[in-house]
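We just call them A, B and C in the order they show up, numbering each chain from 1.
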Amino acid sequence: MMILEQIRKDNPLIICITNDVVKNFTANGLLALGASPAMATEKLEMDEFLTHAGALLINIGSIEEHDIENMLAAAKYANHHDVPIVLDPVACGASKFRKDFCLKLLETYDITVIRGNASELQALTGEANMKGTDADTSLSTEDVARAAYNKFNCAIVVTGEIDAICVNGKINLIENGTALLTKVTGGGCLLGAVVASFIYNETKPTLETLTEALTTYTVASEFAERASNGTLPGHFAVNLIDQLYLIQESDVAENRLVKEV
Amino acid sequence: MMILEQIRKDNPLIICITNDVVKNFTANGLLALGASPAMATEKLEMDEFLTHAGALLINIGSIEEHDIENMLAAAKYANHHDVPIVLDPVACGASKFRKDFCLKLLETYDITVIRGNASELQALTGEANMKGTDADTSLSTEDVARAAYNKFNCAIVVTGEIDAICVNGKINLIENGTALLTKVTGGGCLLGAVVASFIYNETKPTLETLTEALTTYTVASEFAERASNGTLPGHFAVNLIDQLYLIQESDVAENRLVKEV
Amino acid sequence: MMILEQIRKDNPLIICITNDVVKNFTANGLLALGASPAMATEKLEMDEFLTHAGALLINIGSIEEHDIENMLAAAKYANHHDVPIVLDPVACGASKFRKDFCLKLLETYDITVIRGNASELQALTGEANMKGTDADTSLSTEDVARAAYNKFNCAIVVTGEIDAICVNGKINLIENGTALLTKVTGGGCLLGAVVASFIYNETKPTLETLTEALTTYTVASEFAERASNGTLPGHFAVNLIDQLYLIQESDVAENRLVKEV
């Protein structure tokens, strides 16, 4: 059995500490996929939630100072219970506050996967240059993924026109997807949560596992674009939830555009 | 005039202190139904808001430590102004933090209705066993409703494949609804807000009032499933808002599946 | 080139400190329009964000005591960097807490535009009478806009059946729009964010600029109502995002109903 079917059988509990803007979209996306999202954030209950969790997502999109304590506590308990962590360093190049928090998290706890766009990953590796949450970079996602892997020594997912995944120094490039994912808020954030669902119970995910996560999501996005009114962002967002519910492993296998480099 | 028409005539103000994930869906659902939602939470303004309110919803889905003071203040002012309170104890079996808060609220203030799934209600009555927000129980909703009524002596709504409502020891079972309500985040949370709307200005709601609330919501969900693409969760959520806007009392009367026990 | 095209070319960064209920809808609306929303709120990063921002929206819909410091800091940095500010004083007539905050903000910092319904503006100018977020007024939006302009000496947008815009004492009335905007949560809040997008980099917007913002939004809302199932609130909200993406300046020019008074 491949991972998508396993998710639908096990309904792993995915703790999502994510931004206020995309909580609803993220929870609906994970439910549609077959995971069991819990958007709990309070440090006083993180030990209990993470005892039963398959994975933890930390997305800093709407981080405030008082969230830091909760996020650090969640990471601590996740490490303690061997729960994999996905970090989504949203707009971490836009402020020292965001970048410092991400670097502290990465230094203090074992992060399993970092998922961001090229600008965000570049900000973490040293060269920041961004406006808000939008990417602005000339380097390829492949180069950015390799640099981030070399610095942080964890799995890296860099999204862009071509997505790059780096695990243990080996890279896959994914050519699936649609530009509409950047016209809907949370298109990248939901991917971070989908990655968390695919690596449940697995603190050392393989390149193939992450490739399955990305191709499942991006092939679903292509189907969403082709469904009724799917070229318009309002309907695209609705269709994407539908397609995450409908998609089968055979769809992914038939449509995936993966290049090993 | 039945209650649904009265809601559409009076547009009662429903104060919803609810979780971050479902605020938009809840507000849109209540607006569609005909109520007037206000998602205010700050304790410094609760006295004023509750002076004009028809009902108060307290949903702990994304509770953090700093929310407790606001929720307790809201309950205090609601009791003071004779405003009915619906408590939705989301995932209260998943952490001591959640369960302790709910029990403190129930001990300190008069709660009009508790609305939850079987696991949540069981956690409150003593036998907790749950993973995140999902129910995991072998007892019938009817048994769970009766046990909760016996312990808390307030109206109880337990949702599941068959929903059970207990008022003054008498129970109605509702067989309407669709499993898609569990595939969309906030399917249960919105019901809690709909219950609050139906009991506006009524701190001692009858079994028939709560039965109207549940059948209106669950019949609307059946219509939403039958509307265009309604078997898919993205479109189902959109359709549910539409159907809460369209539904008439005659639709509910013709389609309700209520069993008195 | 008119402003809509310019927005789509420049993708101005719009910092939205807005309420929890409408963050997703607001971000999706601005992305569809062509702006680049950032929902950052933390005071520690506001100086950096506002250095690159085209405009700042402050919407108090779900304000809590601890948000005040962040909002005041954002306004301070916006003034420092000559970034225009739109204030949306949601339900400011419903509590002393809200009204006092708005008046303090208006006294302390230069606000570029106030956008609200008639009740909200009347609450700010002295005559409060409202229930939650709903308007309840007998004065015309034109009279309310003039009174607010006279008191605060900034641009005023009062929405209602007929919208009134007052800049430097001159008033335009907009007859476009649909009542469905009041059946969807955030119909007014998103307009506030759209206004912020149209006045980017412009702390002294003209009456024509604000008229373009309002007619673009309200004509898009008319198109959304006419699109598939658009007379129902669930589909209307989805269609509105689509139409903000599709709308062209020629559509606005052909359909705008503007009366100079």
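Definition applied: contacts are C-beta pairs under 8 Å (C-beta built on N, C-alpha and C of every residue); 3 or more make two chains touch, one makes a residue touch a chain.
Remember, it's a predicted structure, so these values are computed and weren't measured experimentally.
Separation of subunit B from subunit C in touch steps, taking the shortest path, is 1. For the touching copies subunit A and subunit C, the fraction of interface residue numbers used by both falls below half; the interface is of the different-residue type.
Superposition angle, subunit A onto subunit B, using Cα atoms only: 120 degrees, a multiple of 5 between 0 and 180. Note on chain placement: the centre of subunit A and the centre of subunit C lie 32 Å apart, centres being C-alpha means. For subunit C, the set of residues touching two or more other chains reads 20, 24, 66, 237-238.
Residues 11, 13, 20, 23-24, 27-28, 31-32, 36-42, 44-45, 48-49, 52, 66, 70, 228, 237-242, 245-246 of subunit A touch subunit B in their complex. The part of subunit A that touches subunit C in the complex is made up of residues 19-22, 24-25, 61-66, 91, 94-98, 131-134, 183-186, 229, 232-235, 237-238.
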